[in-house]
Amino acid sequence: MNVGQPASAPKLPWRLISGNHACALGAVAAGCRFFAGYPITPSSEIAERLSRLLPLVDGVFVQMEDEIASIAAVIGASMGGVKALTATSGPGFSLKQENIGYAAGAEIPCVIVNVMRGGPSTGMPTRPAQGEIMQSRWGSHGDYPIIVLAPASVREIHDENMRAFDLAEPLRTPVVILYDQDIAQRTETVELGDANGVARAQRKWASGPPAAYQPYATGEDGIPAMSRPGAGYRVHTTGLNHAENGFPTQSPQAVERNLGRLLTKFERHRDLIDSWQTLGCDDAEVLIVAIGISARAALRALEICRARSLRAGLFRPITLWPFPENALREAASQANAVLVPEMNAGQLSLEVGRILGGKRVEAIHRFNGEPITPAEIAQRVETLAREMNQ
Amino acid sequence: MIVDSASAFDVRTYLRQEMMPHFLCPGCGHGIALRALLWAVYELGLDKDKLAVVSGIGCAGRLSAYIDANTFHVTHGRPLAYATGLALARPDLHVVVITGDGDCLAIGGNHLIHACRRNLKLTCLMLNNEVYGMTGGQVSPTTSETRLTTTTPLGNSEPNFDACTLAAAAGASFVGREVTHHVPKLKQLIRAGLEHPGFAFIEVLSDCTEIFGRKNELGSSAEMVLRQKSELRPSAYRDTVDSPFRSSDLPTGILTKTERPEYGAAYRTAAAAQRARLAASTDQNKGRT
Amino acid sequence: MSGPNPSNCSAGGVQLLPVAAAAKAREPINVLIVGVGGQGVIMVSKALASLAQSKGFEVKQSEVHGMAKRGGTVFSHVRFGPQVWSPTIPKGEADILVALEWAEGLRWLPFLKPDSGIFICDTKRIVPPFACLDRHPGALLRYSRETPAEVKAHVVEGYAIDATRIAEELGNVRAANVVLIGALSMSLDFSAEDWEQALSEFVPKKTIAVNLEAFRLGRRWVERARTAPPDAQPAETPAPAYRPYKVRLEITPEWCKSCDICVKLCPERCLRLNAERTVELTDAAKCTGCRLCEWLCPDFAIRVHLDAAEAPGVVAAAEGIRP
């Protein structure tokens, strides 16, 4: 059988790896030197891979006694100045929430991979879902900022994991990488760039005389410089609301000042944070908004639609939170209707509906462990287009 | 001038004096325990810049804020887990954990037994005052039987944990206990724990005078401190007293001390060996081509 | 000043050892061993008694340790010779006095033969509580103030050895008594090998090596004291000088939370809470600087300073002592 020729010859060696494997490689390439985790399907391969890789680069892998200990150890390592990662799945992600809030509040950089499986509770450990779109943003108590990245392919998992560190470190924030079981355990042919020698974004370290140092005082950029233990600053870090000096306070003015700064600290850095993909949005009558495996199905659905002369477009947020609102509004400017296929009972569609107030927003909800198919999406686009034209 | 350590040690030089007075209640034993810790730190000449103190939530957890060192006040029950990450990532730091009986034995119990088992170089100071003081005086895992708390209005009917026995059973390579009344002895014990090349668990029997003491009519702060002396027999005399005494008192001093491989060092050694193996096999392959 | 004054040594440095002398005279050798409970007085006497017996002497040993609680006085009489009648040594009849503690050595001096007795004493001072005139640090003690030189001037042959320090340097302070046995062995003509054999049977097995080393150091010390010129005599710790201190309490009233622990636990009862409910010192003269208040203050509000006093304290002045 003649298999034909590849479209283009690869510049770099191709590798056939899984999403979780790519995740581990991306972490090491990004300079991650600490991993703490706890076994859970379908993310365990990340831990297994890193248990082999980290010792080779003078890093540390540790399997902790539970999910909470894992995120705690990761934050502890990061407090020590080391880039740190943990990986988990739904139930473990729930357990980690309190400490993710700590990392957000105390502004400790770290990266948390959440491989989404069926829920609620133990759910369907080996089946894909997209049920933590809202939890990843709001899972911990109180108000806090967080960045969530939603890669949709093996290659993108690798690259977005590197970007996760490049955001977490300079912006001093936890970053969640959210992808579903389907992409996590699927193997794809990928061409990985050589990250060696590529300068990575670094944490802003405190400098200058210790007496003048205020651990949560900031300049224009709204990001406080962090003190590395051993560098002579000897500061206090707490999950209590604190003032610029790092110590707990209940002064309304001090809390409002520091928490207010924290909650808006991404605003000046949206160029760095925001990331999305658009396809065929210029003339799209129906705009599909999807992430992860649902977005992969939507890509194929676009081809089907275009073949049937349906003007469909795709908006795929890669940075899921903070949501690239302006980009979505622009992409949806020509659309009469929006379709959100997602593997849950309605999460992404809530946010899309909020942003595109007034526009018709429909959704395909799927929570039975079976991915949404391109044909189903194309079918709904066709129905929507017909209804809108009537 | 007398130049012994007690004269030379001024606790204030190890405190963040701008934070003082601390927020603990009058007569709280935790301040005494903090002095003993800082005295031991002073005697060992530990560099404040290389000292990291990780504490949990509760009255004991608040102590870290007053120490002039790298201090981390983390989430409830998790200081040992945070400290594990910090100590593994930064073997150059001297990591001390300050925790309470609820923080360490209830919500953080899992971390305690696994820290004991893992034997990473950490010093864990558990201040046991038999009560959740910060939240208003609820029963804790170490509250003695029949004691009154805000959640045991009929008297506690649960048996309490012997934290030292628990830690030793979980494999801790260093276990010790002391009361706050014996400050120099407590300092010596903490010092031995800080010097121990592995996980050291130290239980400090401290007094909650304002809440627990008041509820159980244990008298003034001074009377509570003196009770430590009258009710606890030093371990040195344990073998000489008649057996009926033994069940009513708790042994103090170093209770367990064994030599086991330290986790961090063992991990780094294995990792270095693996790197060397791979480097050797790469060189061999180069030689062939 | 240490070791015997060479002029006190008989026959120009050639010792006539008592064992040989006594055997000739058919008189028993009297060795008095004294110290305080816990130092190992009995062990020294047992080793000597057993060695003497193994050499064919009749031995009588008599000890008093009924009050031998730790820190109490302990003494043991060892008499050996061709024939011994009485187990105790009369006053002025001891050939050798071995003292494991300085004041005990002085207490038993009258038992030494005035014309030929040998005084071997550790300069270690163990001050009993009742010898404290007051509880201030550095306070005058009702304890021997004689210097080794002054004492040795009263005896024919004297060795004031800092045996405890020598043992400490060996790593086992409990071997101090064996350092003194080493010194004693230089005045009795049993062979060093016989001594070492006897010692090995009396000390715990694990400590044989360190004790034999202590024995040899004791011997060497005496050998040097006998042969070295005055400027190369082995070192000896002088008795501590009387150093009065003034106690000063530094109180941080803003940190005091009136918990009353210091007031109630002060052994001298010299603290109180004032009208503002903060701690203050009521009687500076009473405070001994024991630090209990400093240590037990949960709020770090008290700091005890022990300042060197410029003038002697009241008691010292009465006793005519100058700092």
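First chain written, first letter: the chains are A, B and C, and each begins at residue 1.
One rule holds in what follows: contacts are C-beta pairs under 8 Å (C-beta built on N, C-alpha and C of every residue); 3 or more make two chains touch, one makes a residue touch a chain.
What you see is a predicted model, and the numbers here were worked out from it, not measured in a lab.
J.: Quick one: label the inter-chain contact graph as line, ring, star, complete or other.
T.: Here the contact pattern is a line, an open path with two ends.
J.: Does B-C or A-B have the larger number of C-beta pairs in contact?
T.: A-B
J.: Would you mind pulling out the distance in Å between where the CA atoms of chain A average out and where those of chain C do?
T.: Each chain reduced to its C-alpha mean, chain A and chain C end up 75 Å apart.
J.: Using Cα averages as centroids, what's the distance between chain B and chain C in whole Å?
T.: 40
J.: Please tell me the distance, in whole Å, between the geometric centres of chain A and chain B computed from their C-alpha atoms.
T.: Each chain reduced to its C-alpha mean, chain A and chain B end up 38 Å apart.
J.: Give every residue of chain A touching chain B within the complex, in rising order.
T.: Residue list for chain A touching chain B: 33-34, 36, 54-56, 58, 60, 62, 64-66, 68-70, 72-82, 84, 98-99, 102, 227, 229-240, 247-248.
J.: Show me the residue ranges of chain B that touch chain A in the complex, using the header's touch definition.
T.: On the chain B side, the touching residues are 16, 19, 48-50, 52, 54, 64-65, 68-75, 78, 81-90, 92-93, 110-111, 113-114, 267, 270-271, 274-275, 278.
J.: Considering the complex alone, what residue numbers of chain C touch chain B?
T.: 137-138, 245, 254-255, 257-261, 263-265, 291, 295-301, 303, 305-308
J.: What does chain B use to touch chain C in their complex?
T.: Against chain C, chain B makes touches at 1-2, 6-7, 10-12, 15, 20-22, 24-32, 35, 180-181, 183-184, 209, 220-223, 225-226.
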